[in-house]
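Chain lettering (A, B and C) follows the sequence in which the chains are written, and residue indices restart at 1 in each chain.
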Amino acid sequence: MAAVTEASIMVPGPRSGLSVALRWLLFAILGVFALIYLFPLFVMVVTSLKTLDEVRAGNLLSLPPNPTLEPWVSAWSTTCVGLTCEGLKGYFLNSILMTVPAVAISAVLGALNGYVLTKWRFRGDGIVFALILFGCFIPFQIVLLPMARTLGLLGLASSTPGLIFIHVVYGLCFTTLFFRNYYAAFPNDLVKSAMIDGAGFFRIFWRILLPNSIPIIVVTVIWQFTNIWNDFLFGVSFAGGGGAMPVTVALNNIVNSSTGVKEYNVHMAAAIIAALPTLVVYVLAGRYFVRGLMAGAVKG
Amino acid sequence: MAVISEPAAAGRRSPFDWLQTILPKLVLAPSFAVTIVCVYGFILFTLYLSMTNSTMMPRLDSWAGLTQYEKLWADPKWTISLVNLAIYGVLYIGISTAIGLLLAILLDQRIRIEGALRTIYLYPMAISFIVTGTAWKWILNPGLGLDKLMHDLGWTSFTFDWLINGDMAIYTIVIAGIWQSSGFVMAMFLAGLRGVDSDILKAAAIDGATLPQTYRRIIIPLMRPVFLSAFVVSAHLAIKSFDLVMALTAGGPGTSTWMPALYMYSLTFTRNQMGLGAASAVIMLATISAIIVPYLYSELRGGRRD
Amino acid sequence: MFKTYFTATAASLLALAAAAYAPSAAAQAQEEVEVMHWWTSGGEAAALNVLKEQLQKEGVTWKDAPVAGGGGDAAMTALRARVTAGDKPTSVQLLGLSVHDWAAEGVLADLTPLAEKEHWADHIPPAIQAFSTYDGKWVAAPVNIHRTNWLWINKKLLDKVGGTAPTNWDEFQALAKKFKDAGITPLAHGGQPWQESTIFDAIVVSVGGNDFYKKAFVDLDPAALGSDTMQKAFDQLRVLRGWVDPNFSGRDWNLASAMVINGEAGMQVMGDWAKGEFIKAGLKPGVDIVCVPYPGSEKAFLFNSDQFAMFSLDDKARQDAQLKLASAIESPSFQESFNLVKGSIPANTEVKPDKFDPCGQKSMADRDAFKSTGGMLPSLAHGHAASAAVKGAIYDVVTNFFNSDQSSADAAKALADAVALAK
């Protein structure tokens, strides 16, 4: 499959003088939205580069008179999370160890489920899908205590594998939804012809569906990575003590300490650090939002 | 288009065919089983809890019938929570979807800086609300945030005190919520738009359809599954909106921005009224089902017809 | 290409997984305490660190399980999950009646042998002991005693307006007016339900006296809750409402203290943990910052005590470590150093008041004096007077009253109704 770049396959549009004006309007609208979206981030970044006195003295948007990276250093390696004053770095690894496997497993399972539900229909598959889908709406507080019992029974309490288990279980509904919808629109001709050629269940999946699923894999990975990385409730309840504590719980301990001076600058730096992996995922994944991957495939 | 069903058995049932029949269900089974236990099993557990007098921890032997439900409806905070959820839900889902679709369509127009813009709209989801909540609290705080900024810039008559106004505080949560996740809705729509077969579009162009017409008549109808996903995602976030509320208003001023998720959490874990919290959870789930199940039904029904 | 990428990712994931989850040679037999708490900020954490180091000298490792936020809300959720999962921590910071709640679940350890050996019953005020014991058995080690009915006044501002520290309601109102006329916010307040209830506690005891407070908030007598006295208390709260600045909503308590420190506001009604803030900002209690009991509540010591509840453990080594922890907590040296930082006073009455500032010394004197007068009253706002459900119900009524135009009569009735529902 040829590598497809963003600008290569595009829909030809009408060309007229009017479209130039429209394009300016387009940019204007997109620009205004961009500014609104960036505003809080701007506040956060600007605050993270000031000293505490400067934060108190200025207002939201005032630029730091003497930008300093000290809050960032502090957030990464010296700020206190409870009694351990080593910053965020240790918890970062915990989060990665939890998130990457959970995303991978839930995505694979979701893809397989979507595949089965759309290409291997059987009686009652609609109901199965609906039942799985409904799981997306269950608020997590409800499952907290029963899940605690379950994890205890499985011997997975207060551990990273336990967290992975939970995130896979509650991520399944979304991954299944995303892949199922995507595969529903996937032309069946390809699959049928593969079957005629003798390909079995997994081969069709591996050779035909998966390589053409890039956009939806991207969407799924973004959603799952974000949700799992940013989860707080399960993290604090099932990994609250040292060993497996994810970065969100550590961040909460830094930001929500109930007494003392609130070091807003360090908090903002810490929050941005905690958000970096997700941001990286977004940037990397963005390259795969390509149109027309299907273009050549259908003609057979 | 024919649905792929079990291989036509012309009398022969080779092990391979049998495996092909059973394999899909086998593959689906773990997910299904885990969902039955960890979703429906736990819901049943919660249902049972709601009929006990559990306080701090589950007390399965303290049967209370429907007393918790009576207490629930007698609690003014509960009615406030439900109303807030309705306001928040409708506004949040509606506006997120609209903005998401708008941005996706705009971004679909072959722009050079698409990558950067896409990341800008998406990034709010990346940042944990524990801290963007603080940033928003500042921005919306009269005297510290937007208000002060406008005054400093000269518009002294500008006031924006929604955050501390009991009637309007819920709308601040809507604003912050939309900011956070409409980017993801946009990403979903963009993926969907990009998945549209370009042959169809070329055919439409040849037929002389203008861009708006192409969008309205062809592309958006093809997006139905994406609307479903967008709805599910937004509804999920709206219901789960616990972190958001806690960070921005913590239910205040007074008790004006309580939401069902906050109610359930607070009563179960903070106020040691687990039975009551479970009752609220059951009602929440019932309300959600009442809205979502018909929608799912109609969508999935329609999907089968192809 | 896709296949290579996929395989590579899968392989690296597996390798990573194998490395990360390989069972570590955990020395389970060593003496270790896992402590869950929400003292995550600089000063308190530093004070707790003293305990950690003391234990290290005795060969006990400290495993920290900090969960910040909400005055312990998140920690309580985490605790529930852990106990349900069968993974109890060694010790958890608990407030007031929570200790009894957990003891009732049968998951706390019995510290009575240690308590008897070290004569805790003699050194710890009976009012506090009530919360550290359950069913005659010691289950928790109290760390400190906070007094919640303090009024803090910025001395410089006080002198500026020519006022004196108020001892009754009239003087209080007069002082507030002086501040207002001088353009200073009379009362620094953070609009959170617990803060409003802290103030209300003090008002109730000031308006109705110690016995009324007990009848209403400990005995939960409906007649007391809906009485005219309660209405008068609400009236007073309404007046205080007029003394706060417009941006009070949602403000954290330490930011309100900052207002007093900066001179934006003159006074704050807050427990003595506020003293920690003032000290950190370089203000000397008694000199730069005046402390008086809330006007009218001089005979009452509304207390709030942090306890480290000990959970029952199976492992003998961990049990020994736990006992060392409990003993260290009650040791006069730790009690002194911790409380000097925290702003509270020691739970162990053996500690001498010499090193404490004037406000702390007054607290300690009252603590000892009120032992027999019945002046040690459990704070409702901080979970010592009534159950969490009732406390929550009262929070709702008080905060709604504060944030609306509700009449005092309606509020008192709402209070009686809400408590009845929550009992």
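A few notes on this one:
Throughout what follows, a residue touches a chain if its C-beta (ideal position, glycine included) is under 8 Å from a C-beta of that chain, and two chains touch if they have at least 3 such contacts.
No experiment lies behind these values; they were computed from the predicted model shown.
Distances between chain centres, each the mean of the C-alpha atoms, put C farthest from subunit A. Counting C-beta pairs in contact, the chain pair with the highest total is A-B. Note: centroid distance subunit A to subunit C, computed from Cα atoms, is 38 Å. Inter-chain centre distance (subunit A to subunit B, centres taken as mean C-alpha positions): 15 Å.
Counting partners per residue, subunit B has 57, 144, 265, 269 as the residues that reach two or more other chains. The set of subunit C residues touching two or more other chains comprises 70, 77, 80, 84.
Residues of subunit A found to touch two or more other chains are 145, 233, 252, 255-256. Per the touch definition, subunit A reaches subunit B in the complex via residues 6-7, 9-14, 23, 26-27, 29-30, 33-34, 36-41, 43-44, 59-61, 109, 112-113, 116-117, 119-122, 126, 128-143, 145-147, 150, 169-170, 172-174, 176-178, 181-182, 184-185, 187-189, 191-192, 195, 200-201, 215-216, 218-219, 222-223, 226, 230, 232-233, 248, 251-252, 255-256, 264, 267-268, 270-272, 274-275, 278-279, 281-283, 286-287, 289-295, 298.
Within the complex, the subunit B residues that touch subunit A are 1-7, 16, 19-20, 23-25, 27-28, 30-32, 34-36, 38-43, 45-46, 57-58, 99, 103, 106-107, 109-111, 114-115, 117-132, 134-136, 138-139, 144-146, 148-149, 152, 179, 183-184, 187-188, 190-191, 193-199, 201-202, 205, 210-211, 222, 225-226, 228-229, 232-233, 235-236, 239-240, 242-243, 260-261, 264-265, 268-269, 278, 281, 284-285, 288-289, 292-293, 296-297, 300, 303-304. Touching subunit A in their complex are the following residues of subunit C: 1-2, 9-10, 13, 16-17, 20-21, 34, 36-45, 48-49, 52, 62-71, 74-75, 77-78, 80-82, 84-87, 89, 252, 254-255, 273, 276-277, 280. Across the interface of their complex, subunit C is touched by residues 55-57, 71, 74-75, 77, 137, 141-144, 161, 163-164, 166, 249-250, 252-256, 265-267, 269-273 of subunit B.
Those residues of subunit C lying in contact with subunit B across their complex are 70, 73, 76-77, 80, 83-84, 101-102, 105, 191-193, 246-250, 387-389, 391-392, 396, 399-400, 402-404, 421-422.
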